[in-house]
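Quick heads-up: structures coming right below.
Two complexes follow with chain A in common, the first pairing it with chain B and the second with chain C.
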Partner chain A sequence: MRVEHVTDTLVIRTKRLTRYFGHRAVVRDLDFSVRRGSVVGLLGLNGAGKTTTIRMLLGFLDPTRGESEVLGIDSRHLTPETRCRIGHTTEGHFLYPWMRVRDCERFGRQTHASWDGNLFDQAVRRFGIDTEAKVSWLSRGQRAGVSLASTLATEPELLILDDPALGLDPVSRRALNETIVEFSESGNCTVLLSSHLLDDVERVADRVALMVDGRMLVDSTLDDFLQRVGAWIVHCEQNPLSQHSIPGLVHCRSLGNRWHITIADPSTEAMDTLETLAERLEPADVNFEEAVLAYLSRSRVGHSFYTGTES
Partner chain B sequence: MQIRVIPGSSAAIYRQIADQVRRAVVSGELSIGDAMPSVRVLAKELVVNPNTVAKAYAELIRDGVLESQPGRGAFVAKRRNVFTRAERTRRLDEALDAAVSAGLVLDFTSDEILARMQAKLEELK
Partner chain C sequence: MKPLVWKELRENLRWLPLGLLVITVICLSVWSNRNGSGPLMATGLVTHLAIVTPLLAFALGIVQAYRDLQPAASAYLSHRGVTASDLYGAKLGAGFVIYIVSIVIPVLGLACCIGFQGMWQFPMRPAQVVPGLVFSLVAFAMHPAAMLMLARNASWWGTRVFPLVPAAAMLVPFYAWLYQGGLPGAGWCFLFALPALGWTILVARQGWRELATDPPASTVNTRLRGRWLLPAYMVFGASICYFTAVAFSVLIADLVSQSQIFVPAPWMKLVVEPNSEEIWLVSQLQQYEARLGNYSVDVIGGQIVSDSAVVDAMASDAKGREFTDFGSVAPLRPTYTGDGFFMPPVGAIGMPWRLSYDTRGYLLGYEQYPQIRWVNVISADGIHPAGELSGEPFKGNPLTGWEHFSRLAIAGYPHPLMDLEGIWFVDNNPIALRRVLDMKIDAAGLIATNKNQPPRVVLRSGNQLQEYRLVDESGSENWYIPQVPGTAIDRSRSMNLRLDLELVRKFDIPNELQNEKSFSIGWMPQNLLVAITGPRWHEPVVYRLNSDGTHTSFAFTVDPNSNPLKVQDKLSLTSVTVGSIPGAIFVMIVAVSAWMYLTNQPNALDLLNDVAERPMGTTVAVAIFIAVTLLAWWLIRRAAQLRGLSRNQMWLWTLSVPLLGMASPLAIIAIYPLVYREPCHRCQTPCRVDFLVCEHCGTDLQQPSGQGIEILDRDQRILVSPASP
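Coming up: the complex of A and B.
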């Protein structure tokens, strides 16, 4: 009999996960969890700590302090059995260049306990790859396809994709998105996807986790994220931040003599402040890309709506 | 009907899906009793997260546009009003405000706007 408990629904869980390189904290006090069945877009600029987080989750790197669990097991003590349930692709999609694509399939089959050749073929076909082709002849998009195919063929429950879309052509991007949607449709499989392609994340993810300078500033469903971020165009001469502090401020950008201000969870207090400092105030539309960019453009303003582990 | 989603627009993807279904029902492109594609099928077709499609369907079911028949999927429902008259009026005003201001920006007179509105309504009869 299987007892349903919290580690069963949370496939990833970190507690104050922190990593220093020298004196520099690359990941700071990460309290983050991923529920089974979700597709989480992990966003952040280069150097924000995404890859370091993924490496700690997979036990490739020890945390300086804090801890993390994957599939209910401490990342530092993942057994080969547990690792078999995790599919992971690294940035750049490393493959042996002398192999033909069908050799990659054979190599995978012989090195994995569980292997479904049909899943491999299906993924390879979707990326339009000839199985007789040598890996060294393949485009970057096709290499991504082979790497993804090799990962999917092991039938993982958890897929961790580290910037899989980097440098892909539009057709391969489409194939990648289709593959992720298909993988997630059963509702039991989970995806952690780090990416810079905000349009693709908006399509395939249902949650967004956003890291800035090693901290996670947003961890929420995509829809909540969009609803909770508001933006206004403020008409005023001076920089509105020079005299006032705005609660929940995410980012303030100059548009000549106007200012574009993005606020998380705008409170009445924040709105009052805007009313006082503005000669004129117009609400602005916020789309997913703008909301993310507002977070990524700011540096250490010190406000966030970190939502913890509840959904 | 063909649904299209555009990421990066100010309307969330689930909203785009829900709005297009609503429009198709009102315009008669979808009729009462028509079967909707399953969440999985539509998610795959649009290449979007299945939860996004499920959220759009849930909203359409809540608003009475679709009805779900257990085990068979979602169907276009018989039109019934789930909103109060005040709420319907509010929604109508909201839509009219947008249309009227667009018309005025394009330099149409009140009479011209009214005439176009009349023509549109005739088309639907």
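Coming up: the complex of A and C.
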């Protein structure tokens, strides 16, 4: 009975959502949900499967197996009415270059069930955009503003943003973040924000979902995430992983003759192993960025493009 | 829908000037060639538009679909309060508007030019543009086909372009039909074009809405169940591809095996020996006479035909003798394809004008020199001045009987005008139309008599054959001077000749011949001979008709060894390629042959005899057919495995092989996408990635990550866990 009850509060729900491109699984067995009213930051490296997941959620791509629901409806059967309840900005803020800003407003108004023109004007003003300007004349940040304004004007219950801050200047980014925060606080609205900008996510999101190689490794609140990740500086000459395996090891990074080790849910066994390995063991501070990078670095071999040094 | 159409128009209107320019150039080109010796403008316009309009529609479909199928553009356009059908409809509607405007404006301009010029310089009406417009309508099928091609998730090196095949193939019969001209043909084409176009549009709509590919297995994606439009379309496309490949192979094999030099082939013919009035079966051979620069026909053998005799068609008895050929009395059919309105004026021997038939029932006379000029209108009641169509219209095309009087024309004499209700002669001095026969005519022919006498006209009217002789004003047949081979024809001698028809004899057609459409007729002073030979000279019968209504008949047999044209049975490339023809074609050939045989059609194929006469060729063809079928079965099995078809699906496709041949595996590849497999983590057997459990051992395919670094809310896990069944 409890499951039935909480399902009503979910705006996004996936069950074993999987997508292959050829032989390669881009998203694999994704079990993931987003509660109504939350702001979820979807993180991952390029190619981790974030955009593919969003495309499957919005029914633009059929899953190879598994299923997903958005606002309680199977993603493959989203009706125009349901789509109007979901705001979505695409990666790169696609707009028709031949349209003027007011044409974008008119096109959006004519093709959506509900439309708040004031909200559009307000959002456009915030980005300092002339409504008579052609889209092709706009900067990337201004285009993002028009795109976001068009999305918000539909008064969506759920906002799915695919890397909205890509290429934006700091001022535009701040405006974007403020807009997202205002939107999420304006009612029982939900945001799924895919981004590479960790500080932006930390600023606006209350939950973090982290994808590595098509799998969801983290799905929790920011606080819980930070509490459950621990880091230590290990002093030893050799790579500590060459002799022993450490339970819950997220990442091990070389710092000269020291090693920065990140562990998820550090257990007694893990701590004992660390103490065995280390000549000296120091606890290290764990911030959001460090914790996320530790996860993301797992799927990359080198940490420097210049030296190619292996971590 | 309205803003979507506006968006499409706004984005693609830039292509309109280009389309207008191309079609205008075509119209100008066709207009400047209007006085050529070829067919009238309609044919040229259809041909030019047949090249350009499919490309125009295809290009428009590509540019309209490509941009909005890119991920970001697709998401931006689709994620709003519109359906996929709305988007497709808007693209199709806007595309059609741009397409049709770019064609209609220049073509209507051309029609105006034609109308302004009228029929004075050439017999053209503005309706000349109708076949071209009808073809342009059909050619729009390439637009949805192009959109479907882009929407499909298939390899460019594989079957991605398959949707273009049925649409393009559909245009071929329409072009062949419209090329012949004629408003009735254009009307029929228009009626057939609507369902053909509608079919393509509906198929492309299904593809656009549903990502264009069937599920790999019927159980995976239930929303795609019950779809049949797109798979049927792809089966059609695959079949056309395969049929075309086989047809080209047969053609090439035939070309390769053909002799590159002229080898005359003999044939058998019934003739009458004029002196003895005996009927002979002779073998004739056409030879090229280098001295005359012409072809001559020689008798190379033959024998007298008598009741129940076995006749040797190559016997030396016939050599050196002179014979009179049997002639044919054939139903009246238009000499030229089309309805005349779409054909240029033709020269009529013995007439000072070139003639063109107008479908309203008039012959238009055109003066050729010093410049093309409309000079008169010939109607059933006389010759009228040009300018308007006046007088009593003909019931049919009076040029219909043209080919029946070709012997007269070749000998340098005027040949009459004839339609289904009478025969006319046009006199030159003074110019007048003279009706010489007012009678319903079903079939006609010009039958040779004696060497120095003019041929006789034999007409069939109902169940009667009537023999007429052609006489001059003095009532004699002395006007006829036979042409001596190798000498020029003096056409001037017939300029003032006033010929008339005089009934000589009437013969009743025997009951057993009344269903025959054509007759082979030999002339005798006392009788008329009617021969029914059939296409292969099996049990030929000769009827001797008497003018008192009685008749006698006899049958004879042709010695099969004496048939000059023996069937060659040898191992050839053609037999090999014929064996690759899909079974459906064989079934159709057998069905048509059986129908023709049962209904006594004159050109019925005798398949059993054909097969019996070619044991080696038939054996090779059957062996190749079996080999192709086995290969197709193997390919189907392999393709079905790779594409995850169910056992039932595989068996259905297997059953289709005898009919479709290699088109069946091709269709599977076109319809079903590949299914990938990876080793099951328990049994290590490759299993389908689109299944939740291993198809072999039943293990859940969700692999435990086993990394121990997942940080997942306990509540979240409960939320996403499967609901209780």
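What we mean here is this: the second predicted complex is superposed on the first by the 290 of 311 C-alpha atoms of A that agree within 3 Å, B and C clash if a C-alpha of one lies under 4 Å from a C-alpha of the other, contacts with A are read in each partner's own complex, and residues count from 1 in each chain.
The definition used in the following text is that contacts are C-beta pairs under 8 Å (C-beta built on N, C-alpha and C of every residue); 3 or more make two chains touch, one makes a residue touch a chain.
Just so it is clear, the model here is predicted, and its values are computed rather than measured.
Visitor: Sticking to the clash and touch definitions up top, decide whether chain B and chain C on chain A clash or fit.
Guide: fit
Visitor: Regarding the shared-chain residue A:Leu249, is it in contact with chain B (first), chain C (second), both, or neither?
Guide: second
Visitor: Return first, second, both or neither, reflecting whether A:Arg228 touches chain B, chain C, both chains, or no partner chain.
Guide: A:Arg228 contacts chain C only, not chain B.
Visitor: Determine, under the contact definition given at the top, whether A:Glu178 touches first (chain B), second (chain C), both, or neither.
Guide: After superposing on A, A:Glu178 lies in contact with chain B but is clear of chain C.
Visitor: Specify the partner with more touching residues on chain A, choosing between chain B and chain C.
Guide: C
Visitor: Report for A:Asp199: first if it touches chain B alone, second if chain C alone, otherwise both or neither.
Guide: After superposition on chain A, A:Asp199 lies in contact with chain B alone.
Visitor: For A:Val286, is the partner it touches chain B (first), chain C (second), both, or none of the two (neither)?
Guide: Touch status of A:Val286: first partner only.
Visitor: Is A:Arg76 touching anything from chain B or chain C once the two structures are fitted on A? First, second, both or neither.
Guide: second
Visitor: How many Å separate the nearest C-alpha atoms of chain B and chain C in the overlaid structures?
Guide: So the smallest C-alpha gap separating chain B from chain C comes to 17 Å.
Visitor: Given the complex with chain B, which residues does chain A contribute to the contact?
Guide: Those in contact with chain B are residues 38-39, 174, 177-178, 181-182, 184-185, 187, 198-200, 202-206, 222-223, 226, 285-289.
Visitor: Would you tell me which residues of chain B are touching chain A in their complex?
Guide: By the definition above, chain B touches chain A via 5, 7-10, 12-14, 40, 43-44, 47-52, 55.
Visitor: Would you pull the chain A residues touching chain C in the complex into a rising list?
Guide: Within the complex, chain A contacts chain C at residues 2-4, 6-7, 10, 13-16, 18, 20, 22-23, 25, 29, 31-33, 35, 51, 55, 58, 60, 62, 64-66, 76-77, 80-81, 83-84, 86, 88, 90-92, 94-96, 98, 106-108, 110-113, 215-221, 224-225, 228-229, 247-250, 264-265, 295.
Visitor: Could you list, by residue number, the parts of chain C that touch chain A in their complex?
Guide: 2-4, 7, 10-11, 71-76, 78-83, 211, 221, 223, 676, 678, 689-692, 701-703, 705, 707-713, 715-724
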